[in-house]
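A, B and C label the chains in the order they appear, each numbered from 1.
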Amino acid sequence: MTAAPVQPFAIAARIRTAWIARSRQEQLVYKLLLPVFGSVFIIATIPFILATIQAVTSDSGEFIGLDNFARALSNPLLYESLKQTGLYAAIALPVEILGGLGIALLVHRTVRSNVARAAIYIAAMIPIVIPQIAVGVVFRLVYAADSGILNVLLGQTGPNQPLWLSSPPLAMIATASVDIWQWTPFVYLVMFAGFQTVPSESVEAAQVDGATNWTQFRHIELPYLRPLLLLVLFFRIADVIRVFDHVYVLTGGGPGTTTQFLSLYIYRIGFKFSDLGQASALAVVVMVAMILFYRIVSRFLPADRA
Amino acid sequence: MRRRSRGITKIATTLLLAGIAFLFAFPLFYLVATSLKTKADLFAPVPSLFPPAPTIDPYISVLFTRGFGGLLVNSIIVGVSATILSILLAFAICYPITRLPASPRLRAFVLNWALSLRFLPPVAVVIPYFAIVRAIGLYNQLPALILVYTIFNLPLAIWMLRGFLDEIPLEIEEAALVDGASRWYAFRTILLPLSRTGILAVAIIVFAFDWAEFLFAFILTATPQAMTFPVGVQGLVTQFEIIWNDMAAGGVIAILIPLSLMIIARRHVLTGLTFGVIREK
Amino acid sequence: MKLRKWLAIIIPIALVASACSSTSTSSGGTATKLTIAAVQGVEDAGLKALAPMYKAQKGVTIEIVEAPYDDLYSKLVNAFKANDATYDLIMMDDPWMPKFGTDGSLSDLGPLGIAPDPDVAQVVWDVGTWPPPRGPVPPSETSKPKQLLGVTIVGNVEMFMYRSDLTPTAPASYDDVLANAKAQNKPGELAGYIIRGKATNPVVADFLPILWSQGGDVFDENWNVVLDNDASKAAISFLVNDLKGVAQTDPGNTDASDRDKIMANGQGLQSSVWPGEINTAVLDPAVTKVAGKVTFIPIPAGKSGKGVGMMGNWLLGVPKASKNQQAAADFIKWMLQKDTQMTYAQNNGIPSRTSVLKDASLTTANPYFPVLADALQAPPNWRPRTDQWNAVETIIGTHLNKALTGGETADQAATGAAAEIRTLMKGAGYPTK
């Protein structure tokens, strides 16, 4: 599969002459493939437009402008929810991303057998394919007081046992731990695949030059992994904002509002309070805020390689 | 000196990996253990780590008595179709922006748009999707789920595929094109094999997400004709009943299917993971 | 180019293949199939048992589509908003009915041939009528004529259970309940009172009978919020301070199934209970350790002087969008027949006919039936009939849960919840003060 070695000058000259002839063909392919993108764009954007319309109309269909937005943003519970979601992300995300990366590095460097590598890769898929409700219930069976296995294993039974699901700090840790359990493998899957694409010559060359593990990682592998790392970062942030199922089963948003994260809050507004206008307004606000956040971050950490 | 520290490092890393493996395996173990318990075991005042009297009744209950077998089939159909569609569309979109001289602004636009799709809390678009699906007459039909899942996972597929395609230098294809090959030929014989890792990773992850998806499967389906497995499993958690064993059995079955698919396709997994990109230096 | 061709082939094939394999929903004319949206769990067990009987008798297939409590509510809200015709009959918890009634989503059952039957307690017909014949009526509904929008198929009234082997005399009031609890409470072994305290719906269901028995309420006759008056505050304090002191280890995360487990294992002295929990959990022969030791009584009295039970009937209604209105109504009529109700009761259903509930042949297997009959005649109180109830319940439930887990005091819970409810109701057009 390697290209035949040719003199550099000859390549440049041949590419240049072929370029002009090909540009028309390229444009053609371009034009043919973009309709795919165009139609997907339209299909995917329609619901967003509908949600926006929902956000600026009342229940009976009249246009009420930014009323819903005002109501959404003036509710103190929203900010409480944002704070809790931020705390949750601050606990879960670093562990997931650094942990996934670290484990991928560890396995990539130390596990030699191809069969073992593939087996671990397949096993890492498991936490992602379990139905969310099963995750919620199993962890409830682990963390619950009196009927959960964790306190039994820790030898903490009786009235003074730690209440993993009812004490605010513990509940936060408990729900975050479920997130970590579920998503570190995802980070691992992406990162490990990324490690496979680092060209082996560069790695060998570095090792011949006497690079330590750390230098090799930092200067050879990390640049290749950067786009994937940023992908993982942004997608995990986007997902944390949408976390719902397992929290709902574990704590129902409790104790009080400790684990009432953003998605649970929007669900509450939309379905329990039947205020779909406000829920849509919230969704639009969240989306716009995230896009802005992404724009700013990607200015400093471009996801594209130069 | 170096050899001894190597040996210690080896032991340390093995222990570390084993510890991590244990932490991740424990909830899975408990899931399986719960799925083998009887109702009486579930009621025990002190929960036990191992089922005292293991039984496969929960599995029979889930698959046959409750008739979730059909839901499993639905999940498989939707998962496989949506994954294939996602990869095809992702390629169709990634190719021009990674292999062709697309303007950086267009490229950034596509990527930003893809990511912003993921920022939208699904709770808010549930009703619009419901209305649209009903309007086009696909309510309670599998194609609705296939389309929705494809769209929802497209951002991830695009971003991942782009990351992998970017690693493959343009020169390799250029050389073939210069030698007179058509673009399609270059794509098929050069690019595709080299992007095997990427395709595999995307396929695994997209399928995993499709398989476990609940919210839209719940909203867009009404009867077992089109419901998927997670919707069925969700129904096993009710206010008053203690049927955690059935639900755990459902969870285990939900894991086994994709796992089996992966094991069947293990050769592709192996090649995809170990086939690095050969570059010119 | 080839790529597009493949896409153009695959997508239509997938669509066509799936469309061909789907079965069509029943069309107009004589119905051969009725689809019922039901709540998953013990409540629809009787319904599922009856479906094959109906098919045998009338030739109409009954397809039951189940979903758990919260999910069913979301599904119904969606279906009604989109005027969907998938469901011919729906099961709804009685607090949901005001919303569906206000939105005009349900058909009037009177013209479809269903008339009140004296063998069924009057409160059952009242709870299914919209606007409600008693109590405050939402301002937007006062001018509407009264229609029967739902008929009870699960005659649920919340009751009280206690271990008669440990406390032979039935507690007549909540003071007795507390005294007994304190006397018998052994932390870690026996909880004096099991609080069902998980956030929102669970804790409110447990709390409302206490609230009413102590003389408090959420609204008064004119939709003013009275959750923060003295009686209500005392009731909240009774729950989060007095009862919590004698409760199980983690009341804030206990749902009904957890409560049943504790009771069935003999680790609890008293609690409130719904009929559906009894035979499937608390007294389930396969798991119970307290067979024959539990007695069921109506809710004990409080400072108000009365014990006020709370009803939680599951109603069957017919969506206006359904294409099989008459067939659906006929099914409801059939469900109400005495012989059907007898079979229903024998299959874990909870009937609403007084004669069936008091039938001696059923009492051995269901000792709580006669108590239920009396509770229905009392009559029990129902949750405030407002389309905002779901929101109100969420507000109250969050604050109660917070207080139970030590996040705020009973007083703060009362004032906080009351303030939020006032804002909510005013925003929805009620004359709340």
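Methods note: a residue touches a chain if its C-beta (ideal position, glycine included) is under 8 Å from a C-beta of that chain, and two chains touch if they have at least 3 such contacts.
Keep in mind that this is a model prediction, so the values were computed, not measured.
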item: Overall pattern in which the protein chains touch one another (line/ring/star/complete/other); value: complete
item: Which two chains share the largest set of C-beta contact pairs; value: A-B
item: Chain B-chain C separation of Cα centroids, rounded to whole Å; value: 38
item: Centre distance in Å when chain A and chain B are each reduced to the mean of their C-alpha atoms; value: 13
item: Distance from chain C to chain A - Cα centre to Cα centre, in angstrom; value: 38
item: Multi-partner residues of chain C (at least 2 other chains); value: 1, 3-4, 7, 74, 261
item: Contacts with two or more other chains, residues of chain B listed in rising order; value: 45, 89, 92, 127, 131, 234, 236-237
item: Where chain A touches two or more other chains, by residue; value: 33, 36, 146-147, 157, 271
item: Residues of chain B defined as touching chain C within the complex; value: 39-40, 42-45, 77, 81, 84-85, 88-89, 91-92, 126-127, 130-131, 134, 139-143, 146, 184, 218-219, 222-226, 234-242
item: Touch list for chain C against partner chain B, complex; value: 1-4, 6-7, 10-11, 14-15, 18-19, 22-23, 35, 37, 39-42, 63, 65-69, 71, 74-75, 78-79, 81-82, 84, 86-87, 202, 255-257, 260-261, 264-265, 267, 274, 276-277, 280-281, 284, 286-287
item: In the complex, chain C residues that touch chain A; value: 1, 3-4, 7, 73-74, 77, 99, 187-188, 198-200, 248-253, 258, 261-262, 387-388, 390-391, 393-394, 398-399, 401-402, 404-405, 407-408, 424
item: Partner chain A, residues of chain B touching it in the complex; value: 10, 13-14, 16-17, 20, 23-24, 27-28, 30-31, 34, 45-47, 49, 89, 92-93, 95-96, 100-102, 104, 107-108, 110-113, 115-125, 127-129, 131-132, 147, 151, 154-156, 159-160, 162-164, 166-167, 171-172, 174-178, 183, 190, 193-194, 197-198, 200-201, 204-205, 208-209, 211-212, 214-215, 229-230, 233-234, 236-237, 244, 247-248, 250-251, 254-255, 258-259, 262-263, 266, 269-270, 273-281
item: In the complex with chain B, residue positions of chain A that touch it; value: 1-6, 11, 14-15, 18, 22, 25-26, 29-30, 33-34, 36-37, 40-41, 43-44, 46-48, 50-51, 54, 103, 106-107, 110-111, 114-115, 117-118, 121-122, 125-139, 141-142, 146-149, 152-153, 157, 181, 184-186, 189-190, 192-194, 196-201, 224, 227-228, 231, 234-235, 238-239, 241-242, 244-245, 249, 262-263, 266-267, 270-271, 276, 279-280, 282-284, 286-287, 290-291, 294-295, 303-305
